[in-house]
Each structure stands twice: as C-alpha cells, then as structure tokens.
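Every chain is named by a letter (A, B, C, D, E and F) in the order it is written, and numbering of its residues begins at 1.
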C-alpha cells in the first residue's frame, strides 16, 4: 500500500456545480454543525430556503465496532456496545446480552429480568429526555432541554449508584447483571418516577409540546407514510409515529415485559397528517410516561421477588456452540438487532452485525427531506432522533 | 464659512464620490453599497434644505427599500457561487462624452437662468404642511400614487412568480 | 453639551483664547463620546442580566465565577472580545467586512438621538421623531446584508437574506401600529407623544380605547421583537440552523460590535415601545415624577425600557423559533391585518365627537389590570420557590 | 406462518433455486441461488401469504476457513402483516462477489448493501448508488473480511502503530522521558525502576 | 467663488449627479447597475425639487413632488427588478444586451 | 376566519403558559454544583481511576486478558528459586515476580471487566476522578515497584473459606461489590 496517495476528486464525494440548477446552491450542513446530533454531514441542494434534494454522508464516527467484536471475547463486547448509542447504553447491552443468551440458551432469573426492565425503562426515559430536549433546542427552545437534562441526571445518579458509571455502564451481562441493586434503590426510583409524573411531564407538555410555535414547526413537516416507514425499516418511535402499532415489548416480549401493563402510543396526527415530526416526537413524550408506568410496576414486582444472586447464571466462560442468532430488542431509538454468528471454536464472536435503528432511519432521510425548508431539515434530523455513534458504529 | 456651508461641501463630496463609485466600480456589490452613501448624502441635503420629513422618507424608502431590493436583485441574478460580481462597461469613452455634455448643458442652464429666488422657506416643521398638501391640494395625485404603488407591487409579484407549469 | 461649555468657560482665559467654533466642536465631540461610552456600557449589563435570567429559568445559576455572583463576567468577556484577534477569513470582501458591523452599530445608536429621557434630556426633538426611529432601522438592515455578503459564507448569506426580509416585513406592522399612536397623539414628535400621556398610568396610550390599544401595543411589541432579531423571530442568527447567521465569520472586536448593536437596538426598541404606549418618561403616578425637586423622568423611561427588555429575554428563553415562511405569515397575515383594522377603527373613533378622547371606561382599566398582573407574578414567584420540593414530597409520601 | 411453511412455499415457487433450508433452528433460513435473490425477495414481499414487507437486517459474513471459502449475505425479513420472521441467505464466492440488489423491494436495503460493499467488497448489481458508506471514499480494501490486515499508512498518516512503537509508547520512551515522577499517584515509582 | 450654498450650488450638484447617473445608465451592461444609474438621476431630480422648494417661491410643493418621485421610484424599482429577474430566468444573464426579443 | 382566530388565540395563550412556567423557574431552587468548590460525593462503587495494590498481585494476567482494550501490560518472571515465600493479602502465594505492571489510563474504557477475574482483588477502580492532565503520558501508570514489601507470613493460612480481602485495605475505599468471580 502506498504511503501517500494524492487526494483525488473521488475523495470528496458530493454534488458538483453541474448537478444543480441556476437558482440552486449546494449547502453542506455538517460535519461541524450545531444541530446534526453528532458528526453528520448532509449535503443539500437548496433553492432559496427550499431543499430540493438531500444526501447524508455518514461515517465520521466509524470505529470498526464489528471488527472489534471479532477480536474480543463475548463479555468484552459489552463495553463496546455501550458506546453504540451512547445516550441509551443500557438498551444496547441488553440487546446484545439477549442475543448471546439466546445463543447459549440461558434464561436469567425473574429477579434479574426485573432489574433489567427497570434499568431499560429508566434509560428510555433518560434517552427520550435528551431526544426531546435537543429537539426543542433544534427548534430554538433552549430551556426545556436543560429542564429535561436535570431529570436525566437524576436517573444517571441512580445508575451510577447501582453500577458505578454514569454513561457507559457495562451493566447487563450475559446471563445476569453486574451488580445487585443497592439499598434504597426502589425508593430512589419511585422518587424519580413521581417527580417525572408530577413536574417534568406536565411542564414539558406545557412549555414545549403544547406550544403553538412548536406545533406549527413540527406538525405536517416531514411526513413519513406507513409504507415508507416499513420499507425503510423505521422502528421504534419513528415507526409508531407513522401510525404502526408495533412494539417488541408488547408483540415479542422479552425479559418479562409480558408482566406489565402499558400502552403503546402511536402517532395520532392531531395537528396535521399522521407521521410528521410532531407525531414522532409526541410518541416519545407519551412513551416516557408509559415507561414511568412500567418502572413503577417493575419496582412493585422487584419488592415482591426473592433476592437472588444476580450473577448466578453468568457463565464462567462464554463459548457458544456453532450457530447464529438474530435477536431484536426495543431500545430507546427503536428495534436494535444483533446478528451474532458463533463458529463454536473460539471465545470470540465470529461475526457481530448490529442493525441499528438510527442507521435505517437515516437511510430514509433523503426521501423525507425533499421539498422541505432548511429549518425543517433540522427538525427532521431531530425528529428521527439519530445518534451518530449508532449509525457509524 | 458657516457650518451649513461646511456640511454642504462635505455632503457634496460624499454624494459625488460615492455616485462615481456606483457608476464606475467594476464590482456590482460595491456599486450597490456605494449607493448607500449616495442616498444618505442626498438625505443629508434634504435636512440641510429643511425638508426633514422628506429626508426620513428618503432614508426609509431608498435605503430601507430600494437599496435592499437592488442588493437582492444583484444576488438573485447571479449564481450564488460567483464570488466576484464583475460588471463590464461598454462604450465608456462615448458615454463619458455624452455625460460631460449633459453636465455642461445643465450647469450652463442652472447658472445662467435667472431663477425667481423668493424669500424662500426657512427650515421649519414641514410634516403637517405636507400632510395637509397631500390630503388637500394634491389628493388626486396622492391617490393615484397609491394605486400606482399597488399596481406595481402586484405586477412585480406577478412577473417574478415562477409558473407552476413552466 | 451646554454643561460642558459652561465647564470650559470656568477655565480661566478659555473664552478669550479659544474660538467659539472650536469649543463647540470640542464640547460636541466630548459629549458624543460620553454618551457613546454610557450607552455602550448598557449592553454589558443586559448581557449579564440575560445570562443570569437564562440560568435561573433553566434551574442553573448562570455566570458565577468572575466577581461576586459573576458580576464581572460580562466585563471580562468584553475585554476578551476586545483583545481577541479579529480573524479575517481568506475569502472575505475586506472593506465591506469591516464596514458592515460599523453600519449596524451606527444604525442602532442613531436611535438614541431622539429618545426623550425627559422634557429637556433629549438629543433633539425632531419633528418626525417616531418616523426617524423607524427609518434609521433600515441602516442596520443594510449593514446586516453587507455582513452576510462580505463573509462569503453561505450560512452568513442566508442569515443576511432572512434578516433583510424579516426586518423589511416587520417594519410595516410596526409603522402601522405606530400610526395608531400618532393619530391619537396628533404628532410625530416623541415629546408631544409623551406629553399626551402624562398624568398617571391610566392615561397611557396602552389603556386608550381599551382594549384596542392593548392590541396595538402587542402588535408593535411583536414587531420590535422581530426587528431586533430576538426569539421567536431570531431566524437570521438561528444557531441550530445557520450556525450563527450573518455573524458566523466574525470574531473578536467585530463580533462584539454586532453584539453591542443587538443589545442597544433592543434597548432603543423597548424605549420606543414605552414612549409610544407606556408613557415614556411620565411616571405612573404624577407624584412620583419628581423626587426632591428633581425630575426623575429618565429613571422612569429606563425602568420601563428595562422591563420590556426583560420581557424580550423572558420570551427568548421560553419559546422555540418560527420558520421563515411562518415568520412572514405572522407579519403579513396576522399583524398587518390587525394593525390595519386598528387604524381604521381608531381613526373612525377619533373623528366621532363622542369618542374623540377615548372610550368613557378607559381610565378604569389601567390600575386594576396592572395590579392584577403584578400581583399574579409576585404570588407565583413567592409560591414557586417551595413548589417543586413540596410536590415531590407529597407524591412520594 | 411457521418457518417450515414459508420454506415449503418458497420451495414450491422456486424449486431448485432454493438450495438448502434450515427451519428447525432458532434462526430458520433458506439458502437461495444468488442470481435469483431479487426475484425471491420480490415474491416474499408481494405474496399475500408471506408479505415479508420489512427487511430487518442485511448482513454479510465471511467464511474464509470453510472447505469451500465463501461469503454469505443474510436477509432477515419480517412481516408487519402476519408478524412472522424469516431469513434468506445467498452464498457468494470470496473473490468477485456479486449479488443482485434487493433495493427495489426494500428501501432499507440501500444502505445495508452499501455497507456490505464497503466492509466486505460484495458488489450489488443494479444498486443505484453503490459507494462507500462508513469508510472514507479513498479507502482501499474491505476490512471486515477475515483476511484483512490494517494498512500502515492512510494518506501519509501512520495509522497502525508497529509492535515496537506500541512497546515504546507503553514505556514512555517514544517521548524521551522516563517514568513519570511528578504525579503524586506515581510517587512510589522510582525513576529507574520498574523496567523489565 | 462664494462658498455659501445657494440655489445654483444645489443645481450644480444635482446636475453632476444626473450626469453620473446618465453615464451609468448608458455604459453599464448589467441591468441592475443601469437601474442604479436611473436611481441616481431620480435623486438628482428630487434634489432640484427640494432646492427649489427651499429657495424658490413654490412653498411646500417641491417637497410634495419629491415625495411623489420617491414613491414612483419605489414602484419603478420593484417593476424593473421583476423584469430583470424574469430576463435572468429566461436568458441566464442579467445583461441588457440579452433583451433583444423586441428588436426588429 | 375561525381557524385564524383560533390560531391567534392558541399562539397567544400557549406563549403565556410557557412564560408562566419559565417565570416560576426563576424562583425555584437551582440544581447546579459549583464544581471545584462544591464536590459531588461519588458512590463507593464509582468506576473512575484504576488502582492496583501491587503487594497483592500474583501476576496471573487475568486482568490483562479480560481487558477489551488492552490497556494493561504485565511482564512477570518466575521468582528466583529458593527465595522466601510471599503472600497476597488473601493468603494466596505469590509465585511470580511481577516486573512490569503498567496501566495506560488514556486507553482505559472504565468497563471494570479487569477487576472481576482477579483472584486476589488487588486491582480495582477507585472513585477518584480528578486526574486530568495536560500531558497524555501522565496517564501511564506504573504500579510495579522494586522495593515493595510483601507479606512473608501467610495472613490467612489455608482456611475453610477465603474471606474477602480486608486486612490491609489501603488508602482508597474498596468497592464492596467487586467480589471474586
């Protein structure tokens, strides 16, 4: 391989001046742009304020996750999965653990499963706090962001208290979790849930979601039809915003989700066509409330269950037999799929492929972005709630 | 030399120099922004001549409206990628002769004609007077002007509108 | 200026040796410099207040490091900005790049020339004062366009175009609702407008033709928000869309000039609103107009303007921003019809002899409504500081 | 429908083009002839009994140590109508791998296929925009292949530390300094000590 | 030469402005710049009107006419720019030479 | 017309509602900490800086193998034959002479995976987080010290069950949950 290679024109893939009309202009949004939620570059062809075409360029955060996975053992992958969707790490490692457990045919105890559910749902609230908060910030409202971050911090406090880390937990393990919940965990969680229900949620709805400006900025913008959503494999709130009532927690329950009663919110199109930015965001808002509901039920359940050793099912040495598994779980941003291939001879996974929800959501972006205005591009990225760590892996 | 004389000559310098830039500059955008100085200078003349209402109107309409329209026009008629907006002049020398001729003619007329210089109106409040003139003596032109503005507005909007079928 | 001249004459031999034109020019320059200095100090205060407000509304503390409660923070920032290198990107149009912030600052500062701080404290009582303030605003528009163009940056150009379109559009509802006031006062002179509102809070134009003038006030206030590029109309510098809009490429001193202009403009606009609707330097009670024989009109005007600046900031930290087309929608399809309607109705009412001086119930609304508003705000404030904690405690218990 | 039924249905329709099937395992799948995958995909989506309208995941796997080295492309499918899951596979040779694109059937395949091209070097015939997606456009090679070795340089930058460099960096020698004494945490480490 | 501004001074300035505007109008190929020349000429005319209103016997009339001129100028610029824009859309150039459709 | 008024009213009203909320928040207690003056008390389990109690390390290298980012490097030789037996705090005999035990904290991903396999619990994460530095080299921690004083008497002679390490627990607090896997 040559040491140096001249930079050719092929290196800067983008539209050229010949691709655009006389009234149009190429606008490169990102990779350094305040509201692309990470290091994303979007090339836009704009006619004044109107966007004629958009082309996302990803890969600025690529860290060879899948290659790494082939070189570390099965438990060693978990810290890497934490870094996929760094806003909602619990969900990522949970999905991976579910996949490997399926491969090993391990079923964790109900106690562990309940802890996992509590953690996953708290993480979902925390993640949606960031999603909705930054969405407000994208639209110019800064205050809700910090109000929501304040509440996210409380959840992260509980996480840190439980497992020692605030962001990258390495908490879910294959067959168990790394630590039992500490004393007073249940009370702390109840406080969080009640504060969320009493203060954060109504304030969020009044301050941001119900605001006329917010509604007019989001409703009817970037409509994703049901067909487009399914064809482009939009999942999670993005899919439900388009009116598809599908939630893995309900339809393919794992970790004992069948034991809880909760609603699956779908976009209702209150202020315009169904599947617009408002609906996606609205689904997230309601989902936070439902998650709080699940957490309080799970806390009840946790109090009733016998304490078991959270690591009793953790295998000493993870070495699955030859086989493959594709397991999905409902992470905060949608269905997170892990395709794990084991060759039966090594302690390393033979192949791990992550189907990240943001990746597919971003792949549908150019469809939705045509014909909107520049300000709507920001609203669109925010409503898909992409985390570039997960897209680029 | 009184203060008003100083102001007059300074304004003259500003107006004529910037007008020369407007006309002779090779860069369109420089012309457009030199126009700002010309318009402001003329507004200054109006103040000097005691027409403060007209000066405000000049500022509002010429600077706030026409100049911005012109700048928009410059930007809209060039590809956004063209960084240097070069504009060529044609027939500069004959043009100069013509302009000089006109100037000499006008100057001769201006200086030779025995203008009926009255006592003049000393600078004083003019707004109310102009208002009365508009709604009294010049009501018809006033209304006609408003209709003209409306028609021009609609016409301009119609001309620039992109046809959906085109 | 006169005070300065008197000061000069105290110097022995000044009058004999220095020609009159020289001392007048010197006094003028000095007075202008002093005014400029004082006016420029204002934004330092506003920025501090704004940052503190933003912090408090977001459950933060805001600047706390430099000086007690961070009081010196903005001063430190100003010093930093002044001494920072002004970076000229390679492709900018240098002359325009430098002139643009100056124009914006000039446009913002020229408004001070006619602001009446008291019957005597005024740069000049222009016959067309109200009109002048509106007209002078277009200078900053040109400055913004110039900045956007000279930056040679697509985002800056977008910001400039948006700001030009926005300011030009919002001038129209602003002028229209201004006309309402002018019709009532019968003059364009700001002094006379204030004089027409003297005699107490109930005489302010805000309460004339209740509730029509309240609407006019809201229209004018909204238009000033837009002309100052403040949220929810801050699309020219929408940081999440256009990075920083027209001042994307500016740094150091030139950036500071834009900042200065923005906050000065905010003050001028708020002062204009208070002159037009809130009685300007007239005190809410005639008794409060003088303290120990001194006319404290300037204090009243500044207090009113600051209260409105506070509302500007309050709105900024509450609202998302509009989109370009919605912004135009608000200007042309909401504010303009309302303002036209008000002109017609109030014009009609003024010509009718029965209502020429306002509705008969006008004096009865000012005091109770003001008291209601202030009472509500104070009560909520009193309640709020224990509100959060109590609700959580009740819920868990 | 159960996986077995889906498999039978596909076998009925495509006969010998369905090369093999595994329906009893945790992840059931059928292997399809590579050339036919686009038609099979279209059928899977269109058939009213299948309606596999969602492509959950498209992954490539490199089996380089098999007796017959090959790469596989795996299509995980899901139906939002019948709520069943299934997987299709195709086998491709490691050199000159070409697969017809299924982008027309499932939009989500667009980026997944670009990723497979980027990381495995599988060419998807008929793909509208087959560019690198995660790696830089001028990257050489396809790193998720099992025989991949990191390049030493990329655009003149050393991207892979050599063994000695790593060793030296570990010892702090690269920078010409010895052990670090000024940090209180390391205060117990003597200046010359600790070296093997 | 008398430095105190009189009517003649204003008329001379306005004549110079007019000549400059004319120069711009006839030498510039770019339509927008030609338009700027027209604006200069209109301004010079206006200056005349106001000067006559100040020094002449007409009273306020000059200023009223000046206002009308400004109004007309605004309308003129709006329409002219619309035409230039239409021309640009059609011919891809803002140059006046391109507008040859009406040429016989 | 009706929607026009409805929109106007809803726009006006929701703005007022939002302003009401932000007004209240002006007076609610603030949640921020003034960091260097006020410090967060971290829970004892917090995973911050790695620490090795060198005297207890038996050089088995399990931590280095468990590390997903290879930030631990160990070089150990057999102890010279005939040297006096030494013991870790939990009674395990130290058979290797650990010559190098380096942890590059600039690589560490704070996953805590290295602490679980340790048979003597000598490697653990401490809640100490203020170790930022302007020089990346400061993050290379070398724990091997030639003058370490080892226990020459077995503190826990082969007993029925090895109790968790406790006796000589040093300065930094010990994670209570980091039990032996």
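As a convention for this text, contacts are C-beta pairs under 8 Å (C-beta built on N, C-alpha and C of every residue); 3 or more make two chains touch, one makes a residue touch a chain.
A quick note: this is a predicted structure, and the numbers were derived from the prediction, not measured.
Asks: Could you tell me which chain's Cα centre is nearest to the average position of every protein Cα atom shown?
Replies: A
Asks: Can you tell me which chain pair comes out on top for contact count?
Replies: The chain pair sharing the largest number of C-beta contacts is B-E.
Asks: What is the chain whose Cα centroid lies farthest from the Cα centroid of subunit F?
Replies: That would be chain E.
Asks: Indicate the whole-number Å distance between the mean C-alpha point of subunit C and the mean C-alpha point of subunit E.
Replies: So the centre of subunit C lies 35 Å away from the centre of subunit E.
Asks: Calculate how many whole Å lie between the centre of subunit D and the centre of subunit E, each centre taken as the average of the chain's C-alpha atoms.
Replies: Whole-Å distance between the two chain centres: 69.
Asks: CA centre of subunit A versus CA centre of subunit F: separation in Å?
Replies: Those two chain centres are 27 Å apart.
Asks: Whole-Å distance, subunit A centre to subunit D centre, using C-alpha means?
Replies: Here subunit A and subunit D have centroids separated by 21 Å.
Asks: Which residue numbers or ranges of subunit F touch two or more of the other chains?
Replies: 15, 18, 21-22, 25, 31
Asks: Indicate the residues of subunit B shared as contacts by at least two other chains.
Replies: Where subunit B meets two or more other chains at a single residue, that happens at 53, 57, 65, 72, 80, 126.
Asks: Using the touch definition up top, name the residues of subunit B that touch subunit E in the complex.
Replies: Those in contact with subunit E are residues 1-2, 4-5, 8-9, 12, 15-16, 19-20, 22-23, 28, 31-32, 35, 38-39, 42, 45-46, 48-51, 53-54, 57-58, 61-62, 65-66, 69-70, 72-74, 76-78, 87-92, 95-96, 98-100, 102-103, 106-107, 110-111, 115-121, 123, 126, 129-130, 133-134, 138, 141, 145, 148-149, 151-153, 155-157, 159-160, 162.
Asks: Contact residues on subunit F for subunit C in the complex?
Replies: Spelled out, the residues of subunit F in touch with subunit C are 4, 8, 15, 18-32, 34.
Asks: So in the complex, which bits of subunit E are touching subunit B?
Replies: That would be residues 3-5, 7-13, 15-24, 26-33, 35-37, 39-40, 43, 46-47, 50-57, 59-61, 63-64, 66-68, 70-79, 81-86, 88-89, 94 of subunit E.
Asks: Which stretch or stretches of subunit C touch subunit A in the complex?
Replies: 54, 57-60, 154, 158, 231-232, 234-235, 238-241, 243, 317-326, 388, 391-392, 395-396
Asks: Any idea which subunit C residues touch subunit B in the complex?
Replies: 21, 91, 93, 96, 99, 103, 126-128, 131-132, 134-139, 141-142, 145-146, 149, 152, 154, 157, 161, 164, 168, 171, 188
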